[in-house]
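Paired with chain B in one complex and with chain C in the other, chain A is shared by the two complexes that follow.
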Partner chain A sequence: MAQPDHIVIGAGTVGVSLAYGLQKRGQSVCVVDGGASDFRAARANFGLVWVQGKGGNLPAYARWTAESAALWPRFRDALEQCSGIGLDYQKPGGLVFSLSEQALIDRRAVLEEIGGGALPEGVEMLDRDALQARLPDAPLGPEVAGASYGASDGHVNPLKLLAALQQGFLELGGEILWDWPVQTLRTTDDGYELTGPDGETLRAPNVIVAAGLATPGIVAPLGVDLPLRPQRGQLLVTERMAPMLPMPCSGLRQTADGTVMIGTTHEDVGLDTGTTQASGTMVAERALRILPALSGARIVRQWSGLRVLSPDGGPLYTQPEAYPGLWTVSCHSGVTLAAIHAERLAEQILAGALTGDTRHFSKDRFHVPTLA
Partner chain B sequence: MFRPLPDSSEGPTVTVFVEGQPVEAYVGETAASVLLRHLGTARTTSISESPRAPFCMMGCCFDCLAEIDGKGSTQSCLEPVRDGMTIARQMSARKVVAR
Partner chain C sequence: MIFDTAIIGAGPAGMQAACDLRARELSVIVLDEQPAPGGQIWRGVERNCQPGSELAQRLGAEYRQGAGVARSFRACGADYRPLSRVWQIEETGPDATEQCWQVFVIREGQAEVVEARRVLLAIGAQERPVPFPGWTHPGVMTVGAAQIMLKSGGLLPEGPVWICGAGPLPLLYAHQLRKLGGQIAGFLDTAPRDTVRRGLPHLSGALRDWKSLAKGLAWQAGLRAAGLRRETGVRQLRAEGKDRLERIRWETPEGEKTAPAGVLLIHEGLVPSVHPTLSLQCEHTWSDAQQSLRPVLDAWGETTRRGLFVAGDAAGIDGARAALAKGTLAAVGIARSLDVLSEAKAKQARAAGDRALSKARATRPLLDTLYPAPEGKISDDVIVCRCEELTAGQIRAAAGRGSADPNRVKSETRAGMGPCQGRQCGYTVARLIAEAHDMPRAEVGFHNIRPPLKPVSVGELASLGKAKA
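Entry: the complex of A and B
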């Protein structure tokens, strides 16, 4: 194989979004992916393209997310055409329910703070009657006081998104090496060399490490220290049912096939991808307080995934000064950010520098001076 | 198309209601076999609405999902008949209601 311009480590949603964006811009890109037992958030997530409520502690993240959501419809059109795979993407807006009057007041306060004193553009607060009017086929539980509605929110089938990105990238002439876990990454005179299974090597002038939770371990030997941690989320999914939810809601969405996904927990349990009855019960009970009709539905599956979290929950994009051409890209919300990763972030990587909002996403924001 | 084996039709019977019609069922048989005998199918699928009939008769394939005593998505091959049981095909995607 001729030496590619870029090697991307990790064929999850984040890695292939970038690879697809770079290949579309005339670059030659090779993606390598790991072993079957790797942690793969791209295959376990909830499928929301979600804006409302994000970035309270990091305004640049709120803007970056909103821009990605705005890019999504055109990103979808191009990707569906290139890959021939439909994504089941819809942007009907999204809801976050409040289960008491006080919770509704608190929710408004959180959103107004993000909006700098007023509700952000496209966000409205709905009282119970207004909410019920938007959900005519989903009788609300007695405790539901209302919801916030965000017009920018949407959802997608995350497995179809991943398959389409991989297929689209291949159609554009890209190459993916499956089951090629990188053992070592080292510098050469004119770039980088990766060693894979059986001592095979690959070289390129540019390397993007987008290996989810495995990212820190790959760059640590170069002295690059990334603050990422796992956080487990557990989900339930029901049988297929007649349409009842016309829009995605936080923790509750009906897919194009009619199943209702119910989630999700936030658990600090290290690298444990098990499921527990206690968590399944907890998310199911909350869902029933919102939509009692779900008590008549059958649950067909429960699973968990590990989020890839930085200390403030925002993206972590890093171009270490000592290593020109080397990037690390990781984030929670890789589905939401897929559009902007394939467009703006791919452009910035090509230009060789993070500019604008993305400057706030480097690891330098976590630099805490050590106390003597 | 389906009929009982000669020796299975000798024991005691109960009355079940297949989409409203009272029919005789043999104690020990399942709602799925009643459906096979009287209607031939158990359901239509939730998206393409194509017909399905009980297939494995042992709880594996889920092609026998039906409404048993008003409860949807029930594997009819795992439900022995009871006197007065109501059995109905499940058409298309279910609409759930609170239990």
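Entry: the complex of A and C
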């Protein structure tokens, strides 16, 4: 194999979005994927392309997210055409329910703060009656006081997205080495060298580490310290049901197949991808407070995934000063940001530097001098 | 209360273990899905074995033996909960002072939690799913399901009835059906024609249990004497028809044949029920002889998770008599682990159990060789995953596109994500992955199994929160 321009470590949604974007821009890219026991957030995703409420503590993240959501329809069209795989993407707007009048007031306050004193563009508050009117086939539980609605929100089948990105990337001439967990990463005279299983090596002038929770461990030997932590989310999915939810909601969405996904927990349990009855019960109870009609729905599966979180929840894009051409890219919202990763971020990586909003996503924002 | 042991399954292994644990004065709860004890092999045994029952006579002595075990079980003092579906099993957190398991159960629409120091999975086996063209047609079912209908109410299949497959069960069923006056149009034997020659090396070992061998030979002789049509070396079976089964087609070395059919009964052996142990991430090992996974167990029947035991066919397919021995051995292991049995006494008890088990297993290597799992190529148009209606061609394409990881193939195709959790397609998908990557089946593994192990509704799951609050 000729030496590629870029090696991307990680064939998950984040890694392959970048690989697809770079390959589309005429680069030659090789993606290496890990072993079967890796954590693989991309396979556990809820499938929201979500804007409302994000970036309260990081305005650049709010803008970056909104831009990605705006890019999504075109990104979808190109990817579906290239891969031949439908994504089940829709952008009907999205809802966040409030289970009391006070919660509804609090929700408005949070959104107004993000919008700088007013509700952000495309966001509106719905009282119970207005909400019920938008969900005619889903009788609301008695506690539901209303919801916030974001016109930019949408959803997608995250597994189809992943398959389409991989397929699309291959169609464009890219290469994926499966079951090639990286053992070491070191610098060479003109770039980087990776060692894989059985001592095989790969070289390239540019390397992008997009290996989710494994990313810090890959770059740590180079002295690069990344503040990432896992956070577990558990989800349920029901059998197929008649259409009842015309739009995705936080913690509740009906897929194109008719199944209803119910989520999700936020648990700090380290690298444990197990499921617990207690969490299943908790998310089931909340779902029934919103939609009592779900009571008889049969649960087909409960699973969990590990979010890849930075301290402020925003993306972490870093090109360490001492290592030109070496990038780390991690984020919690790989589905929402897939479009912008394949476009703007790929462009910036090609240009060799972060510009505009993405400058705020470097790890340097977390640099706190150690107190003596 | 916290039970000493929760046993899941009231078949031979579960009933025997319950009796033995109760004899050591341990508290036992037995959770079983059926309305009465017996498991699959002894389904309906109490009802069918009432005095003067014609059905019990026809079903044979091995079936009638279950009545005695069920009687002892009823009298043993275990808390027996029929009609109970276990949907999840969890070990309590590390902060608990003593190890404890929580077993989540649905019973008559109510969710509840059963707590126990030890758990014994005596959940038996399922028939190996064998996809072939037309296997989803109404009129096609498994021999095991037909036999359950026989035991549940003496129901006989109607229309031209064909039996296709290999193994002791189709022979036994054909024998039982004939005794009950049922008609069989023909028996299609899928075992390779050289199977007897291949079995020869195992014959001397099997002779230790010559009674079972003689029984099997007698079934065959009886069917021959009755003039039953029998085809050997059968391959490429197809079930055809418009809305339901109308005819079958098959090949033998002599050529293609066809026949009208109303019912087609299939059986290609049993595989252990491993979903609970897979979901609990116990270690498993691949059996080449039985072409299936089984949990790794120590000499006491304990899995790689402390406090979790497996007995009966769920630990490997060995039949009912072996299941009784395995139930006894697991009870010894559990009593030992709860410190109510000294190491010396436990070893003594184990030696006796091991001898019984070894004898009950004597014919197994021969049977495994005589009736190997089918290996023929599955054609691309055959449905493999019934839940998501995926064909072998679709799975093959996905398998070849990337790594040989069953979870990757599951996430790309949805095979294994449906309500059956891959009980129907899991082995076939793994076989197609092994084929696509030209690797041994043992190395492919199985996709992750997630709760619920059995159907549970959103309302039932939520109701557990209210019960606790």
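Quick note on the criterion: the second predicted complex is superposed on the first by the 372 of 372 C-alpha atoms of A that agree within 3 Å, B and C clash if a C-alpha of one lies under 4 Å from a C-alpha of the other, contacts with A are read in each partner's own complex, and residues count from 1 in each chain.
Everything that follows uses one rule, which is that a contact is a pair of C-beta atoms (placed from the backbone, for glycine too) under 8 Å apart; a residue touches a chain by one contact, two chains touch by 3 or more.
Quick caveat: nothing in here was measured; it's all calculated off a predicted structure.
Asks: Tell me the contact category for A:A78 with respect to chain B and chain C: first, second, both or neither.
Replies: Once the two structures are laid over each other on A, A:A78 reaches no partner at all.
Asks: Once the shared chain is lined up, is A:L222 touching chain B (first), chain C (second), both, or neither of them?
Replies: In the superposition, A:L222 contacts neither chain B nor chain C.
Asks: Let me test your reading of the model: by the given contact rule, A:L350 touches which partner, first (chain B), second (chain C), both or neither?
Replies: It touches nothing on chain B or chain C.
Asks: Which partner, chain B or chain C, is in contact with more residues of chain A?
Replies: C
Asks: Tell me the contact category for A:R301 with respect to chain B and chain C: first, second, both or neither.
Replies: second
Asks: What is the contact status of A:A242 with respect to chain B (first) and chain C (second): first, second, both, or neither?
Replies: First partner only, chain B.
Asks: Have a look at where A:Q166 lands relative to chain B and chain C in the superposition and call it first, second, both or neither.
Replies: second
Asks: Could you give the residue numbers on chain A that contact chain B in one complex and chain C in the other?
Replies: Residues common to the chain A contacts of chain C and of chain B are 239, 294-298, listed in rising order.
Asks: If we count contacts the way the header does, which residues on chain C are in touch with chain A in the complex?
Replies: 88, 90, 102, 104, 113, 401-405, 407-408, 411-412, 414, 417-419, 421, 445, 448, 450-452, 455-459, 461-462, 464-466
Asks: What residues of chain B sit close enough to touch chain A in their complex?
Replies: Of all residues in chain B, those touching chain A are 46-47, 72-73, 92-99.
Asks: Residues of chain A touching chain B in their complex?
Replies: 139, 239-244, 257-258, 292-298
Asks: Which residues of chain A touch chain C in the complex?
Replies: Answer in residue numbers: 33, 36, 40, 43, 159, 162-163, 166-167, 176, 178-179, 236, 238-239, 262, 275-277, 280-282, 284-285, 287-288, 294-303.
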